[in-house]
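Labels for the chains are A, B, C and D, by order of writing; each one numbers its residues from 1.
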Amino acid sequence: MAVTSESPSTSAGHAHEGTYAGGLLSWITTVDHKRIGVMYGVSAFFFFLVGGLEALLIRLQLGSAENTLIDPDLYNQLFTMHGTTMVFLAIMPLSAAFFNFIVPLQIGARDVAFPRLNAFSFWVFFLGALFMNASFLFGGAPDAGWFGYANLTSTQYSPGMRVDFWVIGLLVLGVSSIAAALNFIVTIINLRCEGMTLMRMPLFTWMTLITSFLLVMAFPAITVGLVLLMFDRMFGTLFFNPMAGGDVLLWQHLFWIFGHPEVYILLLPGLGIVSEVIPVFSRKPLFGYAFVVYSGILIAFLGFGVWAHHMFAVGLGPVANTVFSAATMLIAIPTGVKIFNWIATLWGGSLRLRTPLYFALGFIAMFIIGGLSGVMHASAPTDLQQTDTYFIVAHIHYVLFGGVMFALFAGMYYWIPKVTGRMMSERLGKAHFWMMIISFNLTFFPQHFLGLHGMPRRTFTYESGLGFEAMNLMSTVGAMLLGASMLIFIWNVLATLKKGAPAGNDPWEASTLEWSIASPPPHYNFRVLPAVGGRDPLWAEDLTEAVPGDDPSTPEPHMPGPSYFPFATAVGILVLAGGGLTLTLPVVFVGVALILFGIYGWAFQPLEH
Amino acid sequence: MTQTHQHADHAHPSNRTYILVAAILGVITAVEVGVFYLEALEPVLVPILLVLSAAKFTMVVGFFMHLKFDSKLYRVLFVGPLIVAIAVMMAMFLLYGVFRA
Amino acid sequence: MSQTDAAAMEMHSATGLPNRKVLMWAFIGSECMLFGSLIIVYMVYRGKSLVGPYPSDLLNIPFITVTTFVLLMSSLMMVLALSAVQRGDMKWGKIWLFMTALLGMVFLGGQVYEFSHFVHEGLTLKTNLFGGSFFLLTGTHGAHVAVGVLWLLSLVFMAQRGKLTQANAETVEIAGLYWHFVDVVWIVLFTLIYLLV
Amino acid sequence: MALLVVATFALGACGGPFPQSALDPASDFAWKLQDLFEGIFFWAVVVFVLVEGALIIAIVRFRERPGGPEPKATHGNTLLEIAWTLAPAIVLVLIAIPTIKTIWDVDRPARGESLVVEAVGHQWWWEFRYPDLGIVTANELHIPVGQQIDVRLTSADVIHSFWFPRLGGKRDVIPGHENQIWFTADSAGLYLGQCAEFCGLSHALMKMELVAESPADFEAWVERQLADAVVTDSVSFAEGTQAFMRGGCIACHAIRGTVAQGVIGPDLTHVGSRRRIAGGILDNTPENMERWIRDSRGIKPGSLMIVPELDDETMSLIVEYLQNLK
């Protein structure tokens, strides 16, 4: 380990544990991107566990044929909330945690461009997530699937408030995502330190920028879809009513115009993390930097032109199916380019097989499988057999769990020393990795065969005699072990917080700017804003010229003061959502009043207190 | 380093230009409505209206919103999503046969 | 946000472009997709209503041409306001800003009249697909205009109290970008809804 | 090669047999998809072995060794980039050609003579009509082997998906749209199917069966189905008819040749002849039928079937009556 315990800046590192000091109120009013990042991370991980628990219940029910442990009503709530939670409340905010904590550090900035907007984004996300899950307490959670296909979501087929919770909850979360994405677009465009041209930006920052663009472009489509659905449910419009000429497929189009870019919103941050971890632990720069960047842009761009591959079975006709099949296959090319460049980065390196690299390599290995099964249903005719079966369940988990979650864990092992100032246990980390990758494959690999052998997804039970029992049992056992592997991680984090070895500035001998300052970083990040002369500033020959560092002789910069207006505005949105849910005008007015109060206070409160 | 770039948008058009642009916009609107009422133009109504409306769109964005004179970056921020939006709209119109007679 | 932001944080801008203006342009990009999706809904449902009233029964082209013209002229007022503020001519800046808001309100008034006329003729959200998609699309645009009017009036108010000066030209410029974009959206809607019946 | 692939799958998979497996095609449609899938699967295996192999070699070969040299900082190689852009592109072209060929082969209206069947999806059962033969039945489709079947798909409520894995791919059943799927079964047998699009509470319990039989057997089946409900002189039959009417069953169910003409539930004219009841989830035995009538919502949550409290005698009369409707 390369703990630079002798270097003078380490002592400075200890001094900065004040970054997280303060009571609850200081967290509610904070505008510090690092604290907001930590809040994103902790709450997203909490919802990850909630979604995981839902998955475990699903697997328990499917452990044996004709099981009666969970009735269909609860089962449908569980799989709907599992999908919704993992996508919107776990993976996206976990990525946001990294955006928040890491991106300003990587570009050599003191904060994001709009610190209070950032706090607002977090609180809207957090309150929206609570709102969505509160449905469990008020007559049941949403139960029409995370994709909410019309017209099953109409009041006729889904009476009650369940689907309303889903519609309004997603609208609220959309506000959070768009606000955060706009913030990061401006941050990355404008707050880069001197010398950091676009083509010198770290890959993770690049992928954050692309993801942010995807967010601002994709979310409006689902927003419109959700508004149509809300109007249908609350005001009796006819948008998705086939009796009145409404087209239920329009929902599918709007949903997937959002939904496919959403897949890349989930994936690209992971690709960015892996592109950071692999070079650092291979001891050589990323191979084909420009190609990795451009392939990311290309994936994002193509992501808007393939949505109907989720709809091959609806009968769009041969022309549409040909076009969308071909476009979907095209995406395999830039994806392949990324994988080849990572392998080329490893090639000729000196691989330090530490936990972050384990997870990054696990990511590549699993992501290849997910990519290949993806090509199988990019082909419209084969998809006719695979869509809506467990084959797709296997595919999406190889991409989103074997892919994204492995990458996010790589990121957590890689950056938690920066966040906490302490090293995580390698022994526990590797135990976590092996248990996770083995149980992951045990859970999801058999599901490919379940699907091909005719098991549809979203079914709460299956008949005995169809040959599904053994593989389902394997999958269930795997899922339980997968759940248990998370306990190792939690244990590791808690132990790290309690007695982890000091990390120093740069425990991994990494190349990017976040490692040039103390761990955890002081609240102002950089005493003197750095300047870089290349892509890997900390690996540059002449360090002093590249990074001024944390010169204690300069005064501490002033940072924006705390503000409760973002929180107040977010609460206003929550109240408005509650008013909309119950259609009570007074509550709506209170919500709007709170929002206006928050925005005006916000606009006229000076940033510095 | 930033100060030097701050006012790159010095080349503001004059008020006279703005009024001229507004006048042209008004005229185009009048032409649009005229075209709408001319039955002889019925077969080519759609392309004519789309072109005229695109012209108005471009003029407002280019002159009133200064996109013609401002930093290239703003153009990227606006035109990128605009192209995606138009492409998605066109794809949907084709799928639904919107412009089929 | 206040002027002190940048100074307080020593936030330099790598591109030399103001943060808020970059934010507004990125937001406008996002709005393109929002209105694009709404237009998709309107166009896909064009001619799919099973019962009347149909667009050709209701749409009043001469009337809407007038309000369209009003909105176009409000954009002219907006650029004049900005150029006055940039010159430091706060008197005319205030007047033009107020005129912009006023024309915006005239447009909104026209929309209120149009909506109530349609409702009177039997077209509501629930009547048919045309009703739903028309009110949603033009209503969303109208809501944007309303937000813009509130914004502009706030600026007039600030200027009245001397809190808006030449130094805040950027604030006016950003409000202007929003306002022009709302106008641009109407240019498209006018053609698609009213002329391509 | 087909055998090789199937063998791989059999080894990889446990359990079985798999009576609902898409990997066991029994129609022209299903074979087209299977052939295409096998080709793609072959390339997937090749790519998998090459790329994962390269990854493993890289990991093993370039592990950090004590005293090893600092790695050379290579930044990229344009020639390599072009190569590994082209290589997958070529593989994709090899996949895309048969894909597009198959799309144009299966995503078109049926050509030539076919037996038209109308399938209507309901929450959670299937209604089948043979418009040219005048037959209406539920959950159990009979077709002659070797004859092209043209299924017209519509929905009475929400979106469902029509899927007999051994006979071909899915086609969604969408309210407000008519969809089409066609295939020719190549061997006689019982095929299992199931709704594949999530359609609400009891989506998992929306099953169906297809009996492919020789043309002669099919003709015989048609004959029996065309006949009205069997009428006998036995007292219990008359009583059963009365009980059926009394029980309120006629509000939703039709029995041709009687006053029962309900259209909400499945046509019961020949319910006694079906292999299964309740949307294909229960074997058709008197015990199951009684259980189903008594507790339809317990067996299939959300079921629309409402049955008043019936005394034991009425119940047994109704069950016997329905069982006799062969």
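By our rule, a residue touches a chain if its C-beta (ideal position, glycine included) is under 8 Å from a C-beta of that chain, and two chains touch if they have at least 3 such contacts.
What you see is a predicted model, and the numbers here were worked out from it, not measured in a lab.
Common neighbours of chain A and chain D under the contact definition above are absent. Every chain gets a centre from its CA atoms, and the centre nearest the mean of all protein CA atoms is that of A.
Of all chains, the one whose mean C-alpha position sits at the greatest distance from that of chain B is D. Which two chains touch most often is answered by the contact tally, and the pair is A-D. As a whole-number value, the distance joining the C-alpha centres of chain B and chain D reads 51 Å. Chain A and chain B have Cα centroids lying 36 Å from one another. For this pair, chain B with chain C, the centres built from the Cα atoms lie 15 Å apart. Multi-chain contact residues of chain A (touching two or more other chains): 185, 189, 194, 216-217, 221, 245-247, 253, 257. The multi-chain contact residues of chain C, meaning those touching 2 or more other chains, are 12-15, 17, 22, 26, 29-30, 33, 36, 40, 44. Looking at chain B, residues 1, 73, 77, 80-81, 84-85, 88, 92 sit in touch with two or more other chains. Touching chain pairs in this entry, ordered by label, are A-B, A-C, A-D, B-C. Residues of chain D touching chain A in their complex: 9, 12-23, 30, 32-33, 36-37, 40-41, 44, 47-48, 51-52, 54-55, 58-59, 62-65, 68-77, 80-81, 84-85, 87-89, 92, 95-96, 99-100, 102-104, 106-108, 123, 157-159, 161, 163, 165, 168-172, 174-177, 179-180, 192, 194-205, 207, 281, 301-302. If you check the complex, the residues on chain B that touch chain C are 1-2, 4-6, 8, 12, 15, 18-19, 21-22, 25-26, 29-30, 32-33, 36, 45-46, 49-50, 52-53, 56-57, 60-61, 63-65, 71, 73-74, 77-78, 80-82, 84-86, 88-89, 92-93, 96, 98.
Those residues of chain A that touch chain C in the complex are listed here as 109-111, 113-114, 116, 178, 182-183, 185-186, 189-194, 196, 216-221, 223-225, 227-228, 231, 235-239, 244-247, 250, 253-254, 257, 529, 557-560, 603-608.
Taken in their complex, chain C has these residues touching chain B: 12-17, 21-22, 25-26, 28-30, 32-33, 35-36, 39-40, 43-44, 46, 61-62, 65, 68-69, 72-73, 75-76, 78-80, 83, 86, 176-177, 180-181, 183-184, 187-188, 190-191, 195-196. Those residues of chain B that touch chain A in the shared complex are 1, 73, 77, 80-81, 84-85, 87-88, 91-92, 95.
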